[in-house]
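Got some structures for you, see below.
Two complexes follow with chain A in common, the first pairing it with chain B and the second with chain C.
And then the complex of A and B:
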């Protein structure tokens, strides 16, 4: 039993490693992403300066808000568009060849996305920290919270990858999955608090946002830059685990339905 | 003169063909357009939330941001609906697919740029009109300025995309680089110009010309004047000239990919 599990894990690890190696070769894209992160942080550091960060949140300065954005942007920019990979294979029919492999099709796609994300994060996180340090003028006042960003960031990117895989599987039913991605992405931006903390939202919107999984993909890891809050981190981590289980269930359901649909179409 | 009228007729034929092609998949067309409009509104919601909290950022209010969004979204929509081929120009060059266009007695750049249309651009244009209306910019007296601003924004956008994508003639695999360059242009164009000064401002009127895509056209709508009309027009002419010259220079270096195919 254990050896079967480790063999299965080994296969997915090989997928992740191959994807990471491919990502490593694409240096121009990685550089572009880092520059984009720098641009966004620069723009928002100017916005917070113009607004006067003291007016934003009590006890929070421009520095913390820049760090918040650096963390949320790193999480979002590190996720590869796994839905496009799935959509492309469904459209071209290549998915039929992938299904005969001794590896779950979606599992392979998710493993590849995780490998690519890990490598992107290895570049983006230090770059984001450097930009935030330079543009914000140092570390957050209470930098202990930054350690809690790591587990919450991992939960955030895993949730995002699984969500995108679910969107990609919709390609078995619709021609173009991009519209679903746009809506999911913007919901992550708005309800997730990508650009600024949810605490700045009207109270009614904060309540709506916290019912959804989106804050766990941005706000939760970013919130740790605003101050040390282990209770918030624990509650977010627990919610994250529950949402990850729900997303896994959704993907399993979609995969089984998609397989039936492919058979019906004669693919 | 006859050549100009032929070119205009050809451009009109391209537009009609693209519209027919887009509408052939009617459900996908409406889905893409509607979702893009919803996507834009969701993105704008972040600005609404920020202005709801702070009212003013560097002298800019929500109405001004609506104007920025309206002009840039409409301009971008125009660019991708009527010049959708520009965004895949680098791939066409790298794959040697210009061959099929070169044998036609038509302007190659116009043919390449107008050979595709992106349905979601209609959603961008709808958002643009909606934002401009909500910002109170669609009054009878301001309409000519709004029209000039969005047309110029769309033209410069197309020209910028063509220029960056044409780098493929010299540098080969530059698809991602070109994409990132025009995405930077779009990103900067969507922010108030008061955020940028000094060297950054200079960069935004040269290498990443967000100034010509967003800042100047938006200023024309906010405070119309003859000088701004001239500046906006000059920017559009300048960028169209740059794009045409860069593409023409690149075309002289173009090597056929010898692909086998037909084109109607």
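And then the complex of A and C:
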């Protein structure tokens, strides 16, 4: 049983390693992403200064807000569009080549996305920290919570990857999955608190956001830059585990149904 | 002896949504959509013994690729029984270790990376020990002459080069059964010949069963010993390749290059095909005259510089089978 599990883990690790190698080959794209992160942080730090966003949150300064945005943007920009990879393989019929292998198709896609995300994060996280340090003028006033961004950030990217994989699997039913992605992405931006901490939202909107999984994909890791809050971190981590289990179940269900729906384009 | 591949009454029906034309049709489609059924494979039965190399031929849309995808476990049959290496495709994942597949119009290689990187990934997927993998990879890389090709990013390869890498990828884990779906599609004459030779040789050497779909009859002639002909989802014919040729087109094509500009014969069953000065093309119906009589008359009437006797192209054979089947159905 253990050796079976380790063999399976080895296969998915191989997918992740291969995806990381592929990502390393795209150095220009990685550089572009880092520049984009720098621009975003610069623009929003200036906007916040202009509107005095930090004044609305007691104990929070512009510096903490820049760190918040650096963390949430790093999470979002590090995730490859898994749904597009699945959709294009289903559309082109290349999925046929993958389905004959003794490995779960969607598992391979998820492992590839994790490998790519890990490598992207290895570049984006130090770059984001450097930008936040320079634009915010130093570390957050209470930086004890920053290390908690690691487990919460991992949960956030895993949730985002699984969500996108589920969206990609819808390609077995619909030709174009982008409408689902747009809805999911906009919900992540708004209800997830990509640009502003949820604490700046009206109370009723905060309540709605917190019953959805979206804050766990942005707000939860970013919140750790606003001040040390182990109770929030613990609650978010527990909630994240539950949502990850739900997403895994959804993907398993969609995968089993998708195989029955398959028609391969071009014969 | 148990069969490598068995199909009994296999049937595959696709249900597709009907799209109505025009704006009104599109609006109606928002509320309710009709569906129609397309029978891609209808009651197909055959068995293939281990080690056989079998061609599965037919025109576009005949159902050959659908059948192959049912065998590979990609599609589930609507009805019937399908067994590959004693396992039920699509339900038993361990079948993946026993089969290899190449789909000519698809790629299993990562386009931005060298093929060697995909080979490494496949070695892990197929649970090959590092030493075993390296030995097998080196053997195949040498046999398929891709030492340099395998180190370039796949996107930089020609179609023929990519196809050689695809074949190596599908053979790495020593599959018992190799499914090839249009492996020579889009290739030039030289690349086609290379791929055919490599598949035949590898099939013989590894002793693996080969099921090859194609609408290029050259593939079945050069690679396979048995042919299954499918048309409109039904199995039309199951014969050895040689027997198929003999029973369906009992004709030979004779080409003569002579010192004389013109050459004419007066034998029954001999038809002159479009020819050029000093080069005469003849079609001989063997039911009416023996090819030996034709050759002796040629030598008696001309000073022959060159002479060749060939079977007609297999395309004609398959066309004749389709025509025969259509006539049979019309009479019935």
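The rule is short, and it goes like this: the second predicted complex is superposed on the first by the 260 of 267 C-alpha atoms of A that agree within 3 Å, B and C clash if a C-alpha of one lies under 4 Å from a C-alpha of the other, contacts with A are read in each partner's own complex, and residues count from 1 in each chain.
In this text, contacts are C-beta pairs under 8 Å (C-beta built on N, C-alpha and C of every residue); 3 or more make two chains touch, one makes a residue touch a chain.
All figures in this text were calculated on a predicted structure; none of them were measured in a lab.
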{"item": "Joint occupancy of chain A by chain B and chain C, clash or fit", "value": "fit"}
{"item": "Partner chain in contact with A:216 - chain B first, chain C second, else both or neither", "value": "neither"}
{"item": "Contacts of A:121 with chain B and chain C, given as first, second, both or neither", "value": "neither"}
{"item": "Partner chain(s) touched by A:7 [first = chain B, second = chain C, both, neither]", "value": "second"}
{"item": "Chain B versus chain C as contact partner of A:39, first or second or both or neither", "value": "first"}
{"item": "Which superposed partner A:260 touches (first chain B, second chain C, both, neither)", "value": "second"}
{"item": "Angle at chain A between chain B and chain C, C-alpha centres, nearest 10 degrees", "value": "80"}
{"item": "Contacts of A:169 with chain B and chain C, given as first, second, both or neither", "value": "neither"}
{"item": "Closest Cα approach, chain C to chain B, once both complexes are overlaid on chain A (Å)", "value": "6"}
{"item": "Residues on chain A lying within both footprints (that of chain B and that of chain C)", "value": "26"}
{"item": "Interfacial residue positions of chain C with respect to chain A in the complex", "value": "14, 16, 60-61, 64-66, 69, 72-76, 90, 93-97, 99-101, 103, 105-108, 110, 112-113, 117-118, 120-122, 124-127, 179, 181"}
{"item": "Sites on chain A touched by chain B in the complex", "value": "26, 28-29, 32, 35-36, 39-40, 42-43, 46-47, 50-51, 55-56, 174-176, 178-180, 182-183, 185-187, 189-190, 194-196, 200-202, 205"}
{"item": "Touching residues (chain side chain B, partner chain A) in the complex", "value": "25, 28, 31-32, 34-36, 38-39, 42-43, 45-46, 49-50, 52-54, 57-58, 120, 176-177, 180, 183-184, 187-188, 191, 194-196, 200"}
{"item": "Chain C-facing residues of chain A, complex", "value": "7, 10-11, 13-15, 18, 21-22, 25-26, 92-94, 96-103, 259-260, 262-264, 266-267"}
